[in-house]
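Look at the two complexes coming up: subunit A is in both, with subunit B in one and subunit C in the other.
Moving on to the complex of A and B:
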């Protein structure tokens, strides 16, 4: 169970922690956002391994964000771990219900149906004045199992929590994908008929994968809400979902580490592109995507694995 | 004795076309049944109905006396009725070993396998044993999509056999195998199936294979059963020779005789 990937993820955790604690506050914040969104992309990876792309991950992400915000504002819950549990419960419960419909569809129909549901949530949030309509609302400052960090220590605490959760989640998903139940996704992608004639319900397997992806997105949403301190309907908008797909394609699906690596690269790239080219930064991002698709169709991770194979020779 | 598999008045229509018409078949435990018929005679439709791929328009399918009509393919597979396909159904982008590992992995109770690794020395040893039994060991690490058609067929059958079936329906198991290797391939395959005490129904166009290996032959014509009995009786039946075996095979067969 403790294989090279787990050790690699542990080493990556140490590097991220080291970098995060010595980095400037803005860079540490960027890292938190990248890791939180990386978890959403990891959910997409689980789906993509089964041949499914969702243009509606913003739905599950937004549910996590709003669950954290609403639990604080309406129920007075501020404990980060409880917020995470509530975020996971909200996104997974909705995924369980919608999954009965979504798991029947494949390819573009699956992608767009997910988007349709995310846009329904967006529409509801925009029209709900008690949730701040288009402005959203602020999220209460979190506590951590009774520990209420000072304003100065809050950033470090959220960063530590995000990094450790990212590591734990990545290891769990690595084990899951290496199991028969995880690997069945690739079998579904390749030949659903054979899967059914092995006695496995492909629909049920997709349903479970959807719930896993929703849970991961929910975690990402809660961590983002805690880190940013604010939630708004934009988090469920289709452009947010599109961003997750962008990062997933940029990263590739070769490893559970890829979404986090891709997400960090994406956030850094976007920050600098926006800094130096505020009116044309999207063009730069588009060019990067174009280059990745042409030269690295397996995503940035494929370049890493290719160079590792080269070293092995 | 209750037949292991029974079809009672099985009928399938597609609009105005009747692909299978009032099929009555009872198969005994351990029997090896050859199914013959020209293209479009209803052989594959029959197999598809029995294995849940198609729902019958009328009639009943009984497994050990229990009505299983209309159940989906997954339920029927879980009951122990497995199948292979005319076009081998494998996972083309993964290796032969991984194909068998997936089949082995899902043969258990899937939800319990959430963190049980697909690959382990134990599962790989079990997969290697299966691969060796079907004589495809040399292709162990080859992607299934790159296999010769005959080997792909064997992999398809090997995967279907992993779940310990009681009945297996093989749709043209030797198609894609070269003419001079067909008999040997079928002999090896049936030895494995007999060792596992599986009831076998196989669809086949090669009458030499049918005559050699089937204990009983069912001839389909125009969606109906034209003849059902011992191979020599059915294969020498004049209507079977005229309508099923066809003029070309008839001539070839006559030449050999």
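Moving on to the complex of A and C:
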């Protein structure tokens, strides 16, 4: 079970931790956001391996964000681990219920039904004044198993938590994708009918994948809420979901490390694009996306693995 | 009674607007199997160019009613230019790829055009209220309505009839229906599918731009107007059935009336109701009300 990928991920964790603790506060914050969103994209990777693309990951992400925010503000829960558990519970439960419906759909309908559900959540949040409507609300400062870090140490603690969780999650998903249930995803993408002939329920497999993706997005949402300290309905809007799909395409589905790598590249790219050309950063992102779609159908990861294979020869 | 009239008229006006915006989207999907996210940008392009040109028009001494012709002409020109660039420049390279990948490509085009609009027209809002005020208001059943809004119903009807006539009563329409039904067989029968694709995309783009141009006088044209329109149009098209022209009509009416009812009776659910209806329809009839179920391929 401890194969090369796990060691690679562990090495990546050490590199990220080292870089994060040396880096300036803003860069560390950027890294936290990138890793948190990377988990949402990892959820998309699980779905995309099964040939499914969702334009509504903002739904699960937003559920995680709001679960964390509401648990703090209404129940007084500030423990980060408890918040994570609540976030996962919220998004997975909703995914379990909606999954009965969603797992019947494929291709464009799957993407659009997901989007419709996320837009319903958006519509509800925007009109709920208790939750601050379009402004959202602030999230309480988290504690960690009774440890309440000072203002200065908070950033480092959140970063450490996010990095370690990203590593654990990536390893778990790596193992899952290597299992029979994981491989069934690819079989469903190739030919669903034959999967059924082999005696596996494709619907059940998709249902489970949906819940995994939702749980991952929930974790990403909770960590984002903790790191940013604020949640708003924008997190469930279709453009947020579109951004996740964007990063997923940019990264490619070649490895569980790809979403994190893609997400970090995306955040850095966006930060600099926004810094240097505030009015044309979207244009830049769109152009990058078009180039990747046309020239790198397998995402950045495919370019990486291709060049590595080239060295081996 | 008054509320009922208000809901019906507002709903009809809103439905007409939705119809004009969404019919281009469904036409493109029906023929090309491309769910064009950039349709929102075409709407924004149409709105901006119309608002801009009307501003110029009313500074001259030309007869004010000519502004309607200018409005439509600007939409046609900008729609044609944009469609040429998008279809010939980018989408042409994607034919044969997964539907989802093409959706993402149009999403990328959408992002690019969003900033293009800001670059060309800046971030300050444009107002082109003159044509809206020109037609005045009318009282119906004791309620005041802007005639411009009511005229929109007529415009939508004309566009709908033209599209129906074009598809069912002309040679090109028959060819298009053949392509919609089975692309491969059509190619085998000698239909120039690439040419039809370019033409369909142009017509769809012009309709999208026209939707924006016709809306421009009624709103303040500002950045971000395309973002909301596209998801609304998605909802309409999905409810009616992707690629179905009668479906768009029904979808627009359902969404229009639902939203008008929500606005007048229960404003809290205004946004929510549209997507709730969309989810409900998808849950009961995945292919939409008028869609054809796809054959499962082994």
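Worth a mention:
The rule is simple: the second predicted complex is superposed on the first by the 313 of 313 C-alpha atoms of A that agree within 3 Å, B and C clash if a C-alpha of one lies under 4 Å from a C-alpha of the other, contacts with A are read in each partner's own complex, and residues count from 1 in each chain.
Throughout what follows, a residue touches a chain if its C-beta (ideal position, glycine included) is under 8 Å from a C-beta of that chain, and two chains touch if they have at least 3 such contacts.
Remember, predicted model here, so these are calculated numbers, not experimental data.
Annotation for subunit A, partner touching more residues between subunit B and subunit C: C.
Touch criterion met: A:282 reaches subunit C, while subunit B stays clear of it. Shared-chain residue A:274: touches no atom of subunit B or subunit C. In the superposition on chain A, contact is made by A:179 with subunit B only, not with subunit C. In the overlay built on the shared chain, the residue A:198 is in contact with subunit B alone; subunit C does not reach it. In the superposition on chain A, A:119 makes contact with subunit C only, while subunit B stays out of contact range.
Judged by the touch definition given at the top, the superposed model places A:190 against subunit B, while subunit C stays out of reach. When the two complexes are overlaid on their common chain A, residue A:144 makes contact with neither subunit B nor subunit C.
Once chain A of one complex is fitted onto chain A of the other, the partner contacts of A:96 are absent, as it touches neither subunit B nor subunit C.
Common to the subunit B and subunit C interfaces on subunit A are residues 191, 193-194. Those residues of subunit B that touch subunit A in the complex are listed here as 51, 72-74, 77-78, 82-83, 85, 89-94, 98, 101-103, 105-108, 110-111, 113-119, 156, 159-160, 162-163.
The residues of subunit C lying in touch with subunit A in their complex are 35, 90, 93-94, 97, 99-101, 103-105, 107-112, 114-116, 118-119, 123, 227, 231, 234-235, 238, 242, 267-276, 278-279, 282-283, 286-287, 296, 298. Contacts from subunit A toward subunit C in the complex involve residues 53, 101, 104-105, 107-109, 111-113, 115-117, 119-120, 122-124, 126-127, 191, 193-194, 238-239, 242, 245-246, 249, 279-283, 285-287, 289-290, 293-294, 297. Taken together, the subunit A residues at the contact with subunit B in this complex read 1, 175-176, 178-184, 186-187, 190-191, 193-201, 205.
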